[in-house]
Amino acid sequence: MGYVAVKGGAGAIAAAEELVKYFRLKGRSEPLAAQQIQDQLRLAVDKVMGEAGLYAPFLAALAVKQAEGDLIEASFILRAFCSSQPRRYYTAPAGTGEMEIIRRISAAFKDIPGGQVLGPTRDYTQRLLDFSLAEESREHVEDFLEKFLKDVKPAADFTFPKVIDLLRAEGLLDDEGGPAEELFDITREAVSFPAPRSARLQAMARAETGGLMALAYSSMRGYGSAHPHLGELRVGYLPLKIIHPELKEEVFVGRVLVTEAELITRFAAGEDEQPRFTLGYGLCFGHNELKAISMALLDRTMRAPVPGSPAEDQEFVIYHTDGIEASGFSAHWKLPHYVDFQADLQRLRSAGSRPEGED
Amino acid sequence: MAYNFAFIDENAKREIRRKILKAVAIPGYQAPFGSRELPIARGWGTGGLQITMSLIGPDDVLKVIDQGCDGSVNAVNLRNLLQKTTGVRTAYETRQATLIQSRHRIPEETLTADQIMVLQVPWPEALRSVEPSEARTREMHAEKDYSRMWVYLYEDIVRWGEVTIGFRYPVMVNGRHIMDPSPIPRWDVPRLHMAENLYLFGAGREKRIYAVPPFTQVAPLEFADHPFKTEDFGGRDCFLCGSTDTYLNEMFDSATGRKIYACSDTAFCDRRRAEGRMAEKHAYSQ
Amino acid sequence: MLTVNNLAKIYGSSCSHCLELTGPAHKSNVCPRCGSVVACANISFQVDKGEIFGLVGESGSGKSTLVRCLYFDEEATGGEARLAPYQDGRVNMLAVSAQQKRFIRNHLMGMVYQYPHLGLKMYFSCGGNIAEKLLDAGFRHVGRMRERAAELLQRTEVPPGRMDDLPATFSGGMQQRVQIAKALANSPPLLLLDEVTTGLDVSVQARVLDLIRSLQQEMQLAVVVVSHDLGVIRLLSGRTAVMKNGQMVEVGLTDQILEDPQQPYTQLLVSSQL
């Protein structure tokens, strides 16, 4: 009898877990320290924190290690951890004017108050595979740091006025409405449509970078009519405060690295029929410029009164860009479906009136 | 680091219980809820899990099945998570369980008033096949605007001679809401009608909970001249227990290549065999 | 059968001057104060059982918007509409719930649009389109629905053999006849026709118009016909209203309107078309 009831589940699961570990370690190389990942794979860590919706660089690095570099898997692990933690506070609204900048650029204006700050970017380097990295050693690192830090002069001020405020002061920006009085929290309530902007921005801040980019790109390419100018892109540390429950005043609780993009898009007529620019806004944890830009673009496209393309359709964007939901469901087809398949088999045979074949 | 009893925090449980009450109050209505992230992937039973986690108490006896089987890898994984975080007793025997979480099957034994059946749901919206937009389908439910769903069935019959929906057969609950009964086979659909037990449906990724309370009318969508039919196994029997009145899985004997049938509800099959019933014509091969 | 009182449809914020500053006298339906578009300005008329009432005017005059408001495709900004078979004509159907509106649409009204894709679901078969109306009215028997669909298709001169084909594969004239069959599925007392022959060949037009006339006589329907074409109006309607810039400029017997128009705009319209 060749039939084996699928009951060896528990044993198979344990063995699979062992095998995963074996495949990670079988090269017998030096075990990766989470700290190394946090320091040297910082963009991976940033992506994971953003998509998980939890700012915790060390835990994110640990998740990257655990997931063997699969960033969606790492985000999933971190987000699941997050939901086991109680939510104690909401921070007070944070003004990104207070950001301590490591990089800020504007594509809309040549010169901006405070100047353009290129910061750490690969944008203008040639993407040649750097073979010297294969030989990088502890000495190289120390050498470089010593030389580099010797020449660096700390800036007097890390905060800069916002480019967009110039346009706003001139009355050229359409009113976006003030901050919502009551915050919609997508982790506590199911979003319904049309969704408030706060829900859309939260969902995108946790969305998967590639998913957002694909939809934003579709709109830039022509499925839609977004013609954006990058008003300002800034990367830096944003101080966060909470309202102290007893003192009833703002208390500084820490800084988070964020990327913020403000896109200026084609004008629309305001209530008074005066043409104005409209703004698309993106902000995400960590240093992730593509995500912030894609998010800002989609923030703008989703405000189309009648969606004419996928990027303009709130449901389409919000429901299909969460990496953890999409990856979970895409992977679930690996689960057994024999009951359903049996039902479909039955229907197919019956609809075609086919004999069931030999027993 | 210690996790809370049944993993999710108490505030989340309270919210989910409130949404369950809402769902029970309006049978077949999909109540949105703030679905939490679990250490189980979306699409793998997170909706059912959150319902189970918010209802389970230390005295419950838990049964978890996947495709009718207690021992299937996903069932084992979900059961492990629940057991690890609650320490409750578990059972394979349907009659012993107070709380049953299942994917795509309802056990063969008739459930009783003191049992709760939790079904995992991938697509909570029965109207999705005729309308992709969630905003629109909610409107359609609100207005009981179901003609497109009916036309879909009509067209199916015109094209194929019968409704070709194999699983996830749409039902009308309490004469008001069309509901997706989760991907159970048609075989299981009649069990929802006027049942003694409470059925709860959880869709974690889609963030919806809905319910069929005890003694609720559940009618599969059908036409007078094309009545709803369950699967017909043509008198075939389970090669293990000989049952001819259970939902069977068709498979190929890996040694002989011969097509064989076995109960999809493995606990039911095991009990019948323990009671000494065995397929007569297959007995020689055991 | 149908009584419409002061029906208004304004697109935009609207202000207190919208109605007085628009209309034929101002040669515009755009309010100069607030920029709102006054598509229908307090329109009133009545249609009796067995009567065909024509609405004629150039495009942008508001005639299509008017019937779309009556069929609830658009929400009227104000005014009343009563239908004799609905609550004995005592209730303003523009103000009832969405569920009630659907009941009225499915049981008491039929609509045929200029563009078949508005009235037909192109991904449903022709029979499925008719079945949609029947299902809405509670039919739950496939065989009986198909009998009824075949009967309607026969009556509207669509080969019943094409019942299970998608309407997208039909000619324009045949699509219009399927639309008519669908509109009549539940034998509604009121039929709304919006430019139904616009875009059809002249010979096809004539056949569709003949069909409408004979169906109307046979079923004693009340019909509202919207057209920019005086030929269509002359052929079908007994009474006619002329619309311009969102207002009704003249109402009367069709013959009288065509032979002896009173208003300058009607005179212009008649002389330019005949």
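Observations
Read from first to last, the chains carry the letters A, B and C; within each, the first residue is number 1.
One rule holds in what follows: contacts are C-beta pairs under 8 Å (C-beta built on N, C-alpha and C of every residue); 3 or more make two chains touch, one makes a residue touch a chain.
Predicted model only: the values in this text are computed from it and were never measured.
Counting steps between touching chains, the shortest path from subunit A to subunit C takes 2. Sorting all chain pairs by how many C-beta pairs they have in contact places A-B at the top. Rounded to whole angstrom units, the spacing between the C-alpha centres of subunit A and subunit C is 51.
With centres taken as mean Cα positions, subunit B sits 34 Å from subunit A. Averaged C-alpha coordinates put the centre of subunit B at 48 Å from the centre of subunit C. For subunit C, the set of residues that touch two or more other chains is empty.
On subunit C, the positions that touch subunit B within their shared complex are 98-99, 102, 121, 124-125, 127-129, 131-133, 135-136, 140-146, 164. Of all residues in subunit B, those touching subunit C in their complex are 142-145, 147-148, 150-151, 154-155, 157-159, 222-226.
The touching residues of subunit A, counted against subunit B in their complex, run 1-10, 12-13, 76-77, 79-86, 185, 187-194, 315, 319, 324-325, 327-332, 335-340, 342-348, 350-351, 356-359.
Subunit B meets subunit A in the complex at residues 3-4, 7-9, 11-12, 15, 32-44, 46, 66-77, 80, 103-105, 122, 133-135, 138, 160-162, 164-168, 183-187, 205, 207-208, 231-232, 234, 236, 239, 247-251, 253-256, 258-260, 262, 264, 266, 285-286.
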